[in-house]
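Have a look at these structures, which come just after this line.
Each of the two complexes below includes subunit A, the first together with subunit B, the second together with subunit C.
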Partner chain A sequence: MSTILAVLVDGVIYASWLFIIAAGLTIIYGVMRILNMAHGSLYALGAYAAASLAGAWLRAGLAPMASYAILVLSAVLVGVTVGPLIERGLLRYTYGRDEVVLVLVTYALFLIIEDSVKLVWGVESYFISEPYSLLGNVELGALSYPVYSGVLVLAAVAVGVALRYGIYGTRYGKLLIAVIHDREVSATLGINVNRIYLVTFTLGTTLAAIGGALTAPTVSVVPGMGVEVIVLAFAVVVIGGLGSMPGAALGALIVGLVRSAAVHFFPQVELFSIYVVMALVLAIRPRGLFVAAEARKI
Partner chain B sequence: MSSFRRNTLGLGAALAALAVAAPLVPRWALFLVVISLAKGLVALGLLLLMRTGLVSFGQGLYFATGAYAAGVAANTFHLGDGVILVLAGGLAAAAVAAVLGLLLARYRAIFFAMLSLAFSMILYGLLVKTSALGSTDGFNVAPKTVFGLSLSAATGPGRYGVYALAALCAFGTAVAVDRYLRSYLGRLAPAVRDNELRVEYMGASVRNVVHLNLIIAGALAGVGGAVTALAVGHVDPEMAYWTTSGEFVFVAILSGTASVAAPFAGALLLELLRSFAYEHAPNTWQLVMGSAMLAVILFLPDGLWSVFRRRRRAAA
Partner chain C sequence: MTRFPRSLRRPVLISLFACSLAAPRGLARADEPKFRIGVVTFLSGAAAGPFGVPARNGAEVLVEAMNGGKVPAPYGKAGFGGRPVELVFVDEAGGTTKQVGEYRDLVQRQNVDAVVGYISSGDCLAVAPVAEELKKLTIFFDCGTPRIFEDASYRYVFRASSHAAMDNVAAAFYVADTLPNAKKIAGINQNYAWGQDSWADFESSMKVLRPGVEVTTSQMPKLLAGQYGAEISALMAGSPDVIHSSFWGGDLDAFVLQAVPRGALKKSTAVLTCGETATHKLAGQIPDGTIIGARGPHGAYAPDVELNRFFRSIYQDRFVLYPNYPAYHMSQAILGLKAAYEKAQGAGTAAPTQDQIIAAFEGLTFESPSGTIRMALGKGHQAVEPTVYGQAKTVDGKLTFVNVKHYPADKVNPPDGVKSADWIKAGFKAAK
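Take a look at the complex of A and B:
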C-alpha cells in the first residue's frame, strides 16, 4: 500500500517539474510552430542563474526565506534577457521556413548555449541546498517527503492556472489564440504578430528557466544538465499533443507516473519506459492525445 | 560521358588518392579519415532521407546497432574478419530499420523526427541497462583480420586493413547510391518530398518509397557504426544517444543533398575542425559547430557543396 502511495507521490512531484518545463515548450510550439531544441539549455541557464544569485544572497547572510523569491527572480531575469535576444537576434530571420529547419536552427542554438554556459560558469558544479533543506520534511504515512517538493507541486499548479487564465481570460490571450489559428489573418486584422511572438518566446523561455531555477536546490548544477531534460520534455509534449496546454499537463502526469512506477517496480527499465510510452502513443494517435489528425493537403 | 560515369570516375579518383595517401600520412590522420568515412556513410543515409523530405534525429539507433552487432559477432561468435563484421553490422541495422520502418514510414516532418529520436533513446536505455553488453561502459571489439590479413602485425599491409575497408565501403556505397538516385525509385524520393498525394495519384506507393529509403539509410548507418567499432576498438551506449544523432544531422546539413560525395567531405571537414578545436579551445567546440550550422542554414540552405555547383553554373 505504501509503495503505491510512494509511486503516486513521486510521480506527481516529477510530473510537476516536467509540466513547468513542458508548458514553455508547448506554448512556443503552439504559437510559433517552433519545436525548441534549445529549451533544455534555457532550463540549464535558469538553474545556473539561480545557483549563482541565490548562492550569493545566502553567502551574504541575508534572510534565507527570501531565497525562494531570488530563485524565481533569477529565472525571470534569464527569461526577459535571453528570450528576446534569441527571438529578435535569430529566430525572426527564420520564420516561414520549414518546421524541421527550425528544429535544426534551435539545435544549433542548443550547441551554442551549452558551450556559452561553460564559458561563463566554468565546468565545475554549483550547489545551493539551503532552500531545499530549510523547509524540513513532512510525514506521509510511513514515508517522509521534503516540504520543498510540495512547493514544486504548488508552483506547477500556479503555472497551470496562470497560463489558463492568461490565455482564456484576458484580452491578450484571445489575441494569442487568434494568432495560433491563423497568423496571416491575425496580422491583417491589425494584431501585432511580431510582438505576440516576442512575448510568447520570452514566456516560454521564462518557464524553462523557472523549471531550472526550482530544480537547482535539489541537484548539483553541472554542464550538460539540459541535455536529458529536453528529450523528456519532448516526450511530454508529444504524448499530450504539440501545442496543447492540457496535453502538456496530462503528458507530464503520464510520464511522471510511468517513470515513478518503473523506478519502484522495474528499476532496470526506468530510462526507456518513458520513450516506450511515447512511441506507443504516437503509434495509436500520431499527433498526440489532444490534437486531432490533420487532413493531407494537395 | 554520362554524369553517372563521371561521378564514378571522380569517386574512383578519390579512392585512388586515399590509397596513395595511406603510407604517406601519420597514423592519427588515417584514423581521422576512417572515422570521417564512417560518419560520412551515416550522413549519406540521411541524404537519402532528406531527399524524401525527412530528417531523422535517431540515426544513432542504427549506428549503435551496427556497432554492437559487429562487436557481438566478433566477441561472441568469434567471427574474426572485418569484412564479415561490417556486413553483420549493416544487415542487423537494416533488419531493425525494416521492422521500425513499418511504423516510422507513416510519419512525416516533426513527428518523424521525434519518433525516430524516441526509438534511439529506447535503444540507449536498453544498452545502458544490459550488463551482458557492458552497460554504460560498453565493451571492446578486437577484429583479428581484414581481408584475411592480420591486423596485429606491426608491418605489412594488415596495418592499413581497417582504413582500406572503410575506403572501399565508402566507395562502394557512394557508387551504389549514385546509381540508386538515378533509378525509378530514387527519382520518386524528391517527388514524395514535394507532394505525396500527387505521387499516389500517379500510382506509386509513397509508403514503400519511404520505407525503402529508411532501410537503406539504416543499413548505411549500420555499416558506419561497424566501421567505427573496428577503428575505435570499442562500443558504448553513447552511440545511440540523441546528441550523436544530432551530429550526423549536422554533417548532412553541412553537406547538403547535391552530391553523394558531399557527406564524406562534410564529415572529414567536421573531424578536422573538431581535432583543431579540441587542441586549442576544448570548451568552445560545440559553440563553433552550432555557429557553423546556423551560418549554413541561414546563408547556404543547400549545403556547402552548393557553392561549387553555383560556381560551375555561373561558368557554364
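Take a look at the complex of A and C:
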C-alpha cells in the first residue's frame, strides 16, 4: 500500500513539474502553430535567472522566505524581456511559413540561447538549495517529502486554473480562441492578431521560465539542462494532443505516473517507459488524446 | 619593402647569438619545432564545470610550468626533453560521432604529435579504433570503462589513469571494512556504460565480500535526467544500509540536493565513487559519514610529495580552487607522455620517433602528483594506481575526511590479461 502511495505522490510531483513547462509549449503551439524548440533553453534561462537573483538575495542575508517570490519574479523578468524580444525581433518575420521552417528557426534560436547562456554565466554550476528545504518536510509512511514539492503541485494547479479561466472566462481569452480558429478571419474582424501573438509568446516564455525557476532549488543549474526537458515536454504534448491544454495536463499526469510506477516496480524499463506510452497513444489516436476535430479550409 | 640596413646586420646577428648562449638552460628552446598535443575535454555542457574545465586548467598550468622548466624532479627538463609543448584544445561535447570527426581533424589537418583526452567512456570506445587506423599516439586521461583494454588490444592507445573497476572494488572493500553490519545495498547509477559497469562491479564485489548481501533496488535513470524524486523514494522504501552511486557532474549535484532534505543520505550511508568533484561546491550539503571516492589518490587524498605540492600551488595560484581529480588525471596523462618521450630520447637531444615513444611508454613506471603510476595492464598500455576512500565530516563548516583508507594498486586491480568482472567473480584471486 505504501508503495502505491509513493507511486502516486512521486508521479503527481513529477507531473506538476512537467505540466508547468508543457503548458507554455502547448499555448504557443495552440495559438501560433509554432513548435518551439527553444522552449528548453527558455526554461534554462529561468533557472539561471532564479539562481543568480535568489542566490544574491540569500547571500545578502535577506529574508529567506522572500526567496520564493524572487524565484517567480526572476522567471517573470525573463518572460517579459526575452519573450517580446524573440517574438518581435525574429518570429514575426516567419509567420505564415511552413511549420517545419519554424521548427528550424526555433532550433537555431535554441542553439543561440544555449551559447549566450555560456557567455553570460560560463560553464560553472550554480546552486540555490535553501528554498527546497526551508519549508520543512512531511512524512508519508516511511518516506519523507519536502513541503516544497507540495508548493510545486499547487503552482501547477494554479497555472492550470489561471489558464483555463484566462482562455474561457475572459474577453481576451475569447479573442484568443478566435485567433486559434482562424487567424485571417480574426484579423478582418478587427482583432489585433499581432498583439495576441506577442502576449501569447510572452506568456509561454514566462511559463517555461517559471518551470526553470521552480526547478533551480532542486538541481545544479548547468549548461545543457534544457535539452532533456524539451524532449519530455514534447512527449507530454504529443500524448495530450498538440495545442490542447487539458491534453497537456493529462499527458503530464500519464507521463508522471507511468515513470513513477516504472521506477518503483520495474526500474530496468524506466528509460523507455514514457516512450512506450507515447507510441501506444499515437497508435490509437495519432493526433493525441485531446485534439478536437478541425474545420478544413477550402 | 624596407630593407634592413646592412651596417646593422652584423651587430644584430652577434647580439642574437650572444643572447642564445645566455638563455637559461632550463627554458624550452624556442627554435625547436613544438610538440603539439591535441587536448580533448568538455568545455561546454554539464560535464564542463566539474570535469572538463578543471582538466583543461590543469593541462594549461602544468604545460606552462613545464615549458618554463619549473616542474620538480624528475621532470626538470623544459618541455618534452627541451622541446616546447603546445596545446590545442578541443571541446568534447557533441557525442561520439562528432568526436571521431574532431579526432580526425586534429590528426590529419592540425597535425598534432599526440592526442590527450576524453572524459566520456563512450568517446574513448569510439576514438580508440580510429587512433589505431590513423596510427596516432593517443592517451586517454579520465574515461573509466574497463572495456577499452579488456575487450581489445591497441598499439597507439594508452590510458594513464586506472579504470573504473578499481573504484568500485575499492568502494566494496571500504564498505566491508568500515560498515560491518551492512546487509542491504542499493544503487543509483546512470544508464550507460559507465553507470552499468560501475554498479555491476560494486554489486559483484559486495556479493563476494559479504555473501548473502541483499540488493533492495538498482535504479538506472537516464544520463542528465535531473529529477530523482521517484528514485529517491524507491531507494528509501527498501531501507538499504548503503546506497552506491557513480553519478558525476550535474546529476551528482542534483541527486545530493534532492536526497539530503529527504533524509535519504542519513538513513543510509551513501558511497559516491566520484564524490570528490562535488565536495568543492556542495560541502555544506554532504552529510557526515558519506563515503567519498576520488577515482584514485587525488584531490584531498593526494600524497604529500613535492610534485603534488607544486601542482596544487600552480593551480591554486591561477584558479583559486584546488585541483579536483580530473585535473590530477590530466596531469598524469601529460607527465606520463613526458616521461615516455624523455625515456625514448635517452641521453641525446634528438627528438624520438612516435614508435620510440610508444616503446618507452609500454609498461612504464612514472611519477605524478598522485604518486607512482605503473602502466601494468593492457600489455603495458593501461595504468594502475593505488586508491583511497574516506568519510565526509564537516568540522567548523569545512568538509574534512575521516577513516581514510588506502588500497594498494594490486589489491583493487585485476592482474594483466584477466577481465575485471571475471576477477571479481573469482573472489579477487591473485589480489594481494
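Just a few scattered comments:
One rule holds in what follows: the second predicted complex is superposed on the first by the 291 of 298 C-alpha atoms of A that agree within 3 Å, B and C clash if a C-alpha of one lies under 4 Å from a C-alpha of the other, contacts with A are read in each partner's own complex, and residues count from 1 in each chain.
Note that in this section a contact is a pair of C-beta atoms (placed from the backbone, for glycine too) under 8 Å apart; a residue touches a chain by one contact, two chains touch by 3 or more.
Worth saying up front: this structure is predicted, and the values here are computed from it rather than measured.
When the two complexes are overlaid on subunit A, subunit B and subunit C occupy overlapping space and clash.
In the superposition on chain A, A:Val123 contacts both subunit B and subunit C. In the superposition on chain A, A:Asn194 contacts neither subunit B nor subunit C. Within the superposed three-chain model, A:His264 lies in touch with subunit C and out of touch with subunit B [touch as defined at top].
Of the two partner chains, subunit B is the only one touched by A:Val100; subunit C is not. Using the contact criterion defined above for the overlaid structures, shared-chain residue A:Thr170 touches neither subunit B nor subunit C, since it reaches no partner. When the shared chain is aligned, subunit B comes close enough to touch A:Ala235, but subunit C does not. Contacts of A:Met278 after superposition on the shared chain: subunit B is touched, whereas subunit C is not. With both structures placed on the common chain, the touch criterion links A:Val227 to subunit B and to subunit C. When both complexes are overlaid on chain A, the residue A:Leu35 reaches subunit B alone and has no touch with subunit C.
Comparing which residues of subunit A touch subunit B with which touch subunit C, the overlap comprises 118, 123, 227, 268, 270-271. Contact residues of subunit A toward subunit C in the complex are 2-3, 6-7, 9-11, 13-14, 17, 118, 123-125, 127, 129, 132-133, 137, 142-146, 149, 215, 217-220, 222-225, 227-229, 259-260, 263-264, 267-268, 270-271. Contact residues on subunit A toward subunit B in their complex (touch as defined above): 35, 90, 93-94, 98-101, 103-105, 107-112, 114-116, 118-119, 123, 227, 231, 234-235, 238, 242, 268-273, 275-276, 278-279, 282-283, 286-287, 296-298.
For subunit B in complex with subunit A, the residues that touch the partner chain are 55, 57, 103, 106-107, 109-111, 113-115, 117-119, 121-122, 124-126, 128-129, 195-198, 242-243, 246, 249-250, 253, 283-287, 289-291, 293-294, 297-298, 301.
Across the complex, subunit C meets subunit A through its residues 43-46, 48-50, 52-53, 93, 191, 217-222, 224-227, 229-231, 233-234, 236-237, 239, 249-250, 253-254, 257-258, 260-263, 281-282, 285.
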